[in-house]
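Look at the two complexes coming up: chain A is in both, with chain B in one and chain C in the other.
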Partner chain A sequence: MRNLLHDMNPSVKFIAVALSMMTIAFFFNPWTPLIFWMGVLLFQVFLSRLNWKVWALFMLPFTIGAFGYLWTTLLFGTETGGQIIWSFAGLDITAEQLETALSLSFRVLAFSTLSLMFAFTTDPVKFIMSLMQQLKLSPKLAYGIMVGYQFLPVMKDEFTQIQQAQRLRGAVEEKNALKRLLDMRRVLIPMLAGAVRKAERSAFAMEARGFTGEARTDYYQPIRIGRIDFWMSALFVLLLAASCLGGIWLS
Partner chain B sequence: MPVHEPVFSLKNTHFRFPDDQENILKDLTFDIFPGERAVISGPSGCGKSTLLYLLNRLYPLNCDGILSGSIRLFGKRAEDYAPGEINHRVATVFQDPDSQFCMPTVEAELAFTLENLHVPFKEMESRITDVLSLTGLTPLRHAVIQSLSGGMKQRVATACALIMKPEVLLLDEPISHLDPLTAKQFIAWLDGLQKQFGLTIVAVEHRLDLWESFFGRDIQLDADGHILADQRFAPRASVKFPKRKTALQTDRSLQVSGLCTSVNGKSLLHPLSFSLQRGEVTVVAGPNGSGKSTLLKTLCGIYKSSGGTVESDGIGYVPQSPEYLFLTQRIKDEIAYSGSSSPKEIQDLMERLRLTDIQNAHPFAVSHGQKRRVAIAAMLADKRQVLLMDEPTSGQDAAALQALAQLIAERANEGISFLIVTHDMEFAAAVADFVLLIKDGSLTGKFVCEELWANEELLASHHLLAPKGVKLRAESFA
Partner chain C sequence: MLKSWKLKEVVLMSLFAIVFGIVYLLFVHLSNIWAGIIGPIAYEWLFGIWFIVSIICMNIIRKPGAAVLSESMAAAIEVLLGNAVGPRLLLSGIVQGLGAEAAFAVTGYKHFNLAVFMLAGAGSAVFSFVYGYFISGYAALDPSFVALMFTLRVLSGMIIAGIGGKYISDGLLATGSLRGYAIARAEKGDAGA
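Moving on to the complex of A and B:
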């Protein structure tokens, strides 16, 4: 059970997530995103092996953002009239205002949880391979991204090394944030010069092994669409329907 | 295929890059036959690698180069092949172990190669299993490539080449990033594979001493890109260095005691102590990944030490890529950057390091050797009297190595101390007073060169080989 979200075909999961987001975006009541958010949370609890500590850390900025939306909409939202439900220090908050505010912040929570669910349960390598196999992403682009993905840790190392080597020369770190940003180019130029050379070498190595960028006939590790994907998609559609209908019914 | 038909046949071939005025390769004519082991040698920048890329058809298409004369691959004109077609028969292993792979694991990388060749799914499993057992890499099948050592990465790259069942293997300085023992093992391994399959091997290499008698034929290019000689291969003596007189002075310039480092809780350097005197040149040696670079970076403060003390006359650091250090647009400004030397001192320094002629050039636009001289000058102008150099010998040809040895000798005579990380024991024998051996992050000890060369066991346990000059002398005495 707990592996279902991880074992789902990445492309199918991607489409399910994207469609859900697009659908939810059309509902302006607070209930739809709330139900949907709760549903996604339940999915994560029962169908995935999340590290909840990391998840909470990533959710923190989104939660703050959602809270911010709530307050700003309540305080500065355009007066729409209707019944005043709460008065405080000369500010009148109407029912309609509260509804918009809640709808916005639940939407932020629902979308961020959904995106994090995708990010935390999907292996990036498998995702790219699946995009190529199921959604016909061009192999040139797919393997290009793969090479870039392998380079990321190397580039990060190089960046700190150059920075520290330059500090050794007596390059002082500017206090002014803008100047510090400008100084970044001293680190970026040698790093990018190296990256261009590396990229060319990688391209040569790939071409020398017969990679021409044309579509492949067989895959060694085909990423398939199976029964899990069917049932999981059904589950997503069910949740989507429940939150849409529930939203309409409750508001 | 009849045996007498050449694999590669070049006739009056000229080649130049679109931005250049002059041809880089001039009037090349030679044939290479099946089963040959040929090496293309010559000084840096003579077009060796370019020639190799013409043979596997990466050039001229990838650089819009201008080619004249004829190149025939397996009897067919090179330009008549479709893209990727020739790469099934001619496989290549490149120089840099870090930028030859695009997949995370060994198995996926091998599969990538097979998918490129449109091998049917049913065959893939058996071909991967076969090539892994053939190359002795079966235990690494699911290993993450980025976590492997340089030597192992080169073997994986070779396995990826062999899985295509090629007739020819091209090698582009495949051992330049490996420590001597690993390089030797790689060569012996390659020797076995070649004998088993009768592969044709064409390699580009300028350090030929480690290859001993691996090759059968030697095609030498000169600095202009002409063929200088095409002859039977004769095992090459290593680079000759002039003997340096020691410049050791009595004052201490660096005192290290109990220095250790750990990164993210992992101990990279166990507490070690040693000292350097003024004018001393000491080489740091040990296997790939033993902590040599970590030692230098800790000494100069790039890595934080987790204990111990370092007292010195000011430590300067020259990384393997000297451009990492550069901060300004002109060499003159680069040297004056720290502001701790007077204009007269800077002038003097530039003259001694032969930088006066290029003082207005951009530091990124000069040659590698010049970049290193700029870096050294900048460090000296900042009154740093102990210089740490990380792998200055890697990928350098004979002329560059001799210039480097001379540069170090001159500075040592001025009382500068050097701590140099290198695998090149010929170079160490020529410039060093002492060798500092490191293994698994611990200091084995500091040895006088002559004593170390005599101790084969100690050398082997640190993946080193005694310099040839010393060995030959020892044999002639025996």
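Moving on to the complex of A and C:
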């Protein structure tokens, strides 16, 4: 049971997640995102192996963000009539305003939880491979992305190297935050120049080994769509329907 | 669309996407905390940062699709890096890329100057705002507040992505590493290209 989300086909999972978000975005009552959020949490508890400590850490900024939405919507919400439930410093907050504000905050929480679910249960390499095999992403692009991904640790090293080299030659670090932001160019340009050379070298190496970028029919690591995907998609649709109908019924 | 693309151009986009993917992520985390304090408007003045890769790549490669593909790749790499915003970023990356691409398409992929880059930055801003309007429910906010957010985002797209993108790609061209790409050929040929 706890491997179901991990075993789901990444493309199918991606489509399920994207469609869910598109649908929930149409609702402005607090219940739809709330029910959906709870459902996604339940999915995560029962259908995935999750490190909850890491999860909580990642959720923290989104929770803060949801709070930001709450008060922004309360302060800058569209003027709507209705019963005033709370007055504070000359501001009247109506029941309707509170509902919309709660809805948007729950939406932030629901979407972040959904995204985290995807991030925590999907192997990134398999995701790209699945995009290529199931959704017909061009192999040129797919393997291009993989090259970039493999270069990540090299880029990190290069970043420290450039910084150290510049310090060695007596470059001073700016104290002013804005100046430091503009100073990013000093590191960014050598990094990008290095990236250009790396790109040329690896593209040449790939072509020398017979990579043409043509789509193929067989893959070294085939990624398939199976029965799990059918049932999991059904589960997502069910949750989506439940939260939409539940939201309409409760409000 | 990719038939006319050389592999080295695709890989170049991907490596740029890595460099900017890291920069983007940094700003996502920064502005997430920021946004908790002052609400969704916190993102707006910084938004141009997220459009910059499409303008730089288009300026270097100068082929139809360079803007939307590079922006989508940057988003895909952010997902690969294990970003928590995950699939959401991929969608918004594609939308932003399409915005910049639209600006270049309107000018027929013939002009690559500051004005067009600023237009592309504004295009990304408009597209991403329409998408954000829908997905984040800005409809629930006061129209004048939404207008303020929109203006900030367009300005940020024009200034940070448009001017910044030009600034960075000029600096890169000066290093001489871009020989063999369209930008260097155009420089050597007629300056009007």
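As a working rule, the second predicted complex is superposed on the first by the 244 of 251 C-alpha atoms of A that agree within 3 Å, B and C clash if a C-alpha of one lies under 4 Å from a C-alpha of the other, contacts with A are read in each partner's own complex, and residues count from 1 in each chain.
Heads up, the rule we're going with is that a residue touches a chain if its C-beta (ideal position, glycine included) is under 8 Å from a C-beta of that chain, and two chains touch if they have at least 3 such contacts.
These figures come from a predicted structure and were not determined experimentally.
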Superposed partners chain B and chain C on chain A - clash or fit: fit
Touching partner for A:136 - first (chain B), second (chain C), both, neither: neither
First, second, both or neither for A:116, with chain B first and chain C second: second
Partner chain(s) touched by A:175 [first = chain B, second = chain C, both, neither]: neither
Partner chain(s) touched by A:219 [first = chain B, second = chain C, both, neither]: first
Touched partner set for A:211, first chain B, second chain C, both or neither: both
Greater residue coverage of chain A in the superposed arrangement, chain B or chain C: C
Partner chain in contact with A:202 - chain B first, chain C second, else both or neither: both
Touching partner for A:164 - first (chain B), second (chain C), both, neither: first
Which superposed partner A:147 touches (first chain B, second chain C, both, neither): both
Contacts of A:227 with chain B and chain C, given as first, second, both or neither: neither
Where the C-alpha centre of chain A sits as vertex, the angle toward chain B and chain C in the overlay (nearest 10 degrees): 70
Shortest CA-CA distance between chain B and chain C [superposed frame, angstrom]: 7
Common interface residues of chain A - those touching chain B in one complex and chain C in the other: 125, 147, 189-190, 193, 198-199, 202-204, 206-207, 211
Interfacial residue positions of chain A with respect to chain C in the complex: 14, 17-18, 21-22, 25, 28, 58, 61-62, 64-65, 67-69, 71-73, 76-79, 100-101, 103-104, 107-108, 111-112, 114-116, 118-119, 124-125, 127-128, 138, 140-141, 144-145, 147-149, 151-152, 155, 184-185, 188-193, 195-200, 202-204, 206-207, 211, 213
Residues on chain B engaged by chain A in the complex (per definition of touch): 53, 56, 58, 62, 83-84, 87-88, 91-92, 94, 96, 98-104, 108, 111-121, 124, 128, 146, 157, 160-161, 164, 300-302, 317, 319, 321, 323-327, 337-338, 364, 378, 382
Complex contact set, residues of chain A against chain B: 125, 143, 146-147, 150, 153-154, 161-162, 164-166, 168-171, 186, 189-190, 193-194, 198-199, 201-212, 216-222
Contact set on chain C toward chain A in their complex: 2, 5-8, 10-19, 22-23, 29, 32-33, 35-42, 69, 73, 76-77, 79-88, 90-91, 134-137, 139-143, 145, 167-168, 171-172, 175, 177-178, 180-181
